[in-house]
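These notes open a run of structures that come right after.
Note that chain A is present in both complexes that follow, paired respectively with chain B and with chain C.
Here is the complex of A and B:
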């Protein structure tokens, strides 16, 4: 997670939403669905902010209103202090949609070049960034294949790459890990953390709670378009009435003595277990070994680390 | 400056996407092939072979062009809104009006490329048709088979070359074949210029009926108006309903002289509708070429102004509609 100092800074909010309401209407303009209902939230500079909720809770609708793709029925939305449809503001935003919508006849390189051109990036840095991004998402070997032939996971990776071509200050990710294998999920989470370390602001929506828990500083939980819970992830999840101690394996005698002391102190016996590696780490280990011994892949190849310009290792950033 | 670049980028992508769809190549190739074959396969036309070839070529130009324009317009608006690419582009620093105008520029480029191809094919087709030939060797009715087969071979040559390029360089087949077709038809046209109608080498002289040019230009204008109308409708309707509405508009425009024009003087409502619906008769002037007649370029210029007004009106309506479309 990003540094708390960034989260708690008094700088103006990157995204401010006040009383946001969105009602979808039918062909005859009659109200059909109230997707968002009186939403208030603020996203602060440098934080990773998570929108959680079950399907249909209003997450994507909220993100699309923030980007000026949908129009609010009521309330106010400001991004970098400007209305969401402001063109200049969009130079500072990167967006990964829920479904990676790509031009199927273009290759990944052409796709990234196209989006880079929309930001008027000069040719040399555009090509350089496209190359770095393709290596970052593990698709350098498929750079000349039409993206229409790609699997969902591969399309997702190109979608992510296009969202970062302008080195955005605010990254909006709608279900970023949907359709990705565990390696892709881990890479995206690492990428988000790397971006947050550089002071970027990230807003993501997800219903995969483990992903959100791993990276988010603050979350809101939506249900039927309303906020049901919000706050820092640690604050919301911490069980203040329990303490966990992890130590290297100890002899049985020592363990019995410690349990006795703890029982005496708390009045009840502590739970003792051998911790297990989580499945994600185990899977990543196995695949890493397989990568070392395999030939060129047909799908996603081995990905490099975060693109240099996103990691702040390159001078002359910006768009 | 940024906006101009964005227009060029978006228009270029729109054209490229349209060209990479097999339907565009199929329609253009078929149009050229049918135009080439028309004068070679017809019989018993009582001395009007040239007129038949000319009218057939222009009709193929119009009909196939309508499909090219309608399909490209729907694909770049309705389909893109539905599949979400529009939302991704609009999340970048691109205004909605600029996006919509750029899309039309891309579609217009494809339509004009198609029209150029179809026009050259029609010019050559008219040359192929059997006509009275007189010379030092005597006189007779002659069909220019060499020009006909050269034109008919152009789509196949383009496809074969594109296949080879696809195999060797992995370039996309459809767009490569379309671009090669755009080169093959002028090449056939140029090569034929070095042969007379009997197939003998001769100094460069194209021996075509240049009066066809203004008629073809008028058809190209009509196609641009249809493309603009399709784009405006596609902002709100999916592809099939859009094509249905545009087909209705086309039919209404064809019969507006008959049903509305005659009543326009007496009925304000008829006059209003008559002015509102684009009159396609203004763009179909093949009969003016019959009997040695010609279409004045001043008329083409006036029709161009009319077409520009129609395109502006449709694009204005489309942009207004698109500004309020929600990218769900």
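Here is the complex of A and C:
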């Protein structure tokens, strides 16, 4: 997770939402659904902020209002202190939609070139960034194939790459790991952490709780368009009445002695178990070995770290 | 943190609009639309002249190549343009591409302009190819003719002749004067609305200017023109006249045409026997007449109808009764300007499609845009019908119960339809194919007018409308 200093900074909020309400209406303007209902939240600079909730809880609607794709029925939304549809605001945002709405007839390189043009990037940095991003998402070898031929996971990677073409200050990711294999999920989570380390602010919506838990500094949980819980992930999940001690394997006598001491101190016997590796880590380990011993799969190639310009290693960058 | 790494100002605007235009062009190319269109146009350009025979004369054959081939190619391209434009924004919304677009720092105006320019690039490519193919076919057709026929064809059809027209007849002034005279004499018909009285007077004035009964003559004065070039020796000048009737019945008219100056009205004279209504050409040898034309002197044209025993009354077209055609430029230049005017027409069609596309779904936009274009092409006929005083008789003279509702609609129609006619009339003025196929100059002025009205004026209005809609449209509403 990102550095606490960034999260707790006194800088103005990147996203401020006050009393946001969104009512969808039918053709005759009659109210149909209240998707968001009096939402208040703030996203601070440099944090990874998670919007959680079941399907239909208002996560995506909130993100779309933040991006100017939908208009609020009530309340106020400000991004970088300005209304969401402000052009100067949009220059500072990267967005990965829930469904990768990419042009099937463009190749990945053309896709990135097109979105780079929308940010008015000159030709040379556009080309350079497109190359770096393609390597970053492991699709350099498929740079000249039409995106329409790609699997969902490959499209998702191109979607992520286009969201970063402008080196955004605020990255909005709607279900970023949907459709990705565990390697892709891990890469995206690592990327989010790397971006946050560089001071970027990330807002993500997901219903995959493990993803959110791994990376988010703060979360809100939405249900029927209202906030049901919010706060720092550690604060929300911490069990203050339990303590876990993890040590290397110890001889049986030592373990018995420690258990005896703990029973005496707490009045009940502690649970003792041998921790297991989680399935994600096990899977990544197996695939890593397979990569070393054979060719890369036909779809996604080996990802090449973070794009240099996102790491701040590119000469002549604006920041 | 500041990531203002893009180009600012007009440079950034051009990069964004260029990006949208490239995307639109690529979309057309890669959806196989262009390939299909190329095959259809190839079939039109190669196949049509082989299937249509014209009127059996070299000029008729050449006109088929020029008018029908280029016209059909433009029609096919117009349909494709409308289709592409109607899908350009509507499909972006339906496929959710617009959600990514709108999240980027691109303005609705830039999206609209980029789409429009991308479609125009496709149109320019195909119109250019069709124009070249038609030019090559016409040249091949002429090369296969005997020298004399080829020479005639190059003077009559594969040419760019400047039209020298008389001033328009003062119909409205005549109507005003007659109405004032009746009013002054208190001779206006009682209980008849002024509009109907004026319509009747207009008919009389038109008859006075256009009908030439047997035994009478009509004279037109062509103002001095410095734009008419002195023809080369042996190059004829053409007198073109257009009749809407040679009644009564199948009676033929016979008369004499004279062309000259005020001092010498019969520099050239030619007898004519007219068997049918329509457009007729009379060729006069260049000589004294050509010199007068070249010196920029006013010309006078006179038609003297024969007597009642040998001739019938003739009725000239009120809009373009006579004109002199004199050399005005090269055929190649005329062909290029004609293609550019057609490109301006496509610019308007694309703008109409994009306007519909910004507010409606693809199928509804296509239907609405096609209906709007059809209505615009027919509005002048509706306007003429609405201006007919007979329309009011239904209300005045009977069916009172049944027609009260109708009359309200009629009154609304009488106001709305002429207003719409005024709105779209400038757009219907620029039809270059008739001129081109007749060997009449499509001038730079005509092209400039088409570019201003069809290529900039109307598209700008439609763009403002579309941009207003796009600004207010929520692009991510659930389906």
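In this section, the second predicted complex is superposed on the first by the 316 of 319 C-alpha atoms of A that agree within 3 Å, B and C clash if a C-alpha of one lies under 4 Å from a C-alpha of the other, contacts with A are read in each partner's own complex, and residues count from 1 in each chain.
The criterion applied here is as follows: a residue touches a chain if its C-beta (ideal position, glycine included) is under 8 Å from a C-beta of that chain, and two chains touch if they have at least 3 such contacts.
A quick note: this is a predicted structure, and the numbers were derived from the prediction, not measured.
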item: Partner chain(s) touched by A:125 [first = chain B, second = chain C, both, neither]; value: second
item: Winner by number of chain A residues touched, once chain B and chain C are compared; value: C
item: Partner chain(s) touched by A:56 [first = chain B, second = chain C, both, neither]; value: neither
item: Touching partner for A:115 - first (chain B), second (chain C), both, neither; value: both
item: Contacts of A:75 with chain B and chain C, given as first, second, both or neither; value: neither
item: Which of chain B and chain C A:199 touches, first, second, both or neither; value: second
item: Partner chain in contact with A:38 - chain B first, chain C second, else both or neither; value: neither
item: Which superposed partner A:169 touches (first chain B, second chain C, both, neither); value: second
item: First (chain B), second (chain C), both or neither touched by A:144; value: first
item: Contact residues of chain A, present in both the chain B and the chain C interface; value: 24, 64, 67-71, 87-88, 90-91, 93, 95, 97, 99, 101-103, 105-106, 114-115, 117-120, 146, 162, 166, 172
item: Of chain B, residues touching chain A in the complex; value: 2, 5-6, 9-10, 13, 16-17, 20-21, 83-85, 87-95, 170, 172, 175, 324, 326-328
item: Residues of chain A that touch chain C when the two form their complex; value: 24, 64, 67-71, 87-88, 90-93, 95, 97, 99, 101-103, 105-106, 110, 113-115, 117-122, 125, 146, 162, 166-169, 172, 199, 317-319
item: Residue ranges of chain C in contact with chain A within the complex; value: 1-8, 11-13, 15-16, 18-19, 22-23, 26-27, 30-31, 95-107, 474-478
item: Complex contacts: residues of chain A adjacent to chain B; value: 24, 64, 67-71, 87-88, 90-91, 93, 95, 97, 99, 101-103, 105-106, 114-115, 117-120, 144, 146, 159, 162, 166, 172
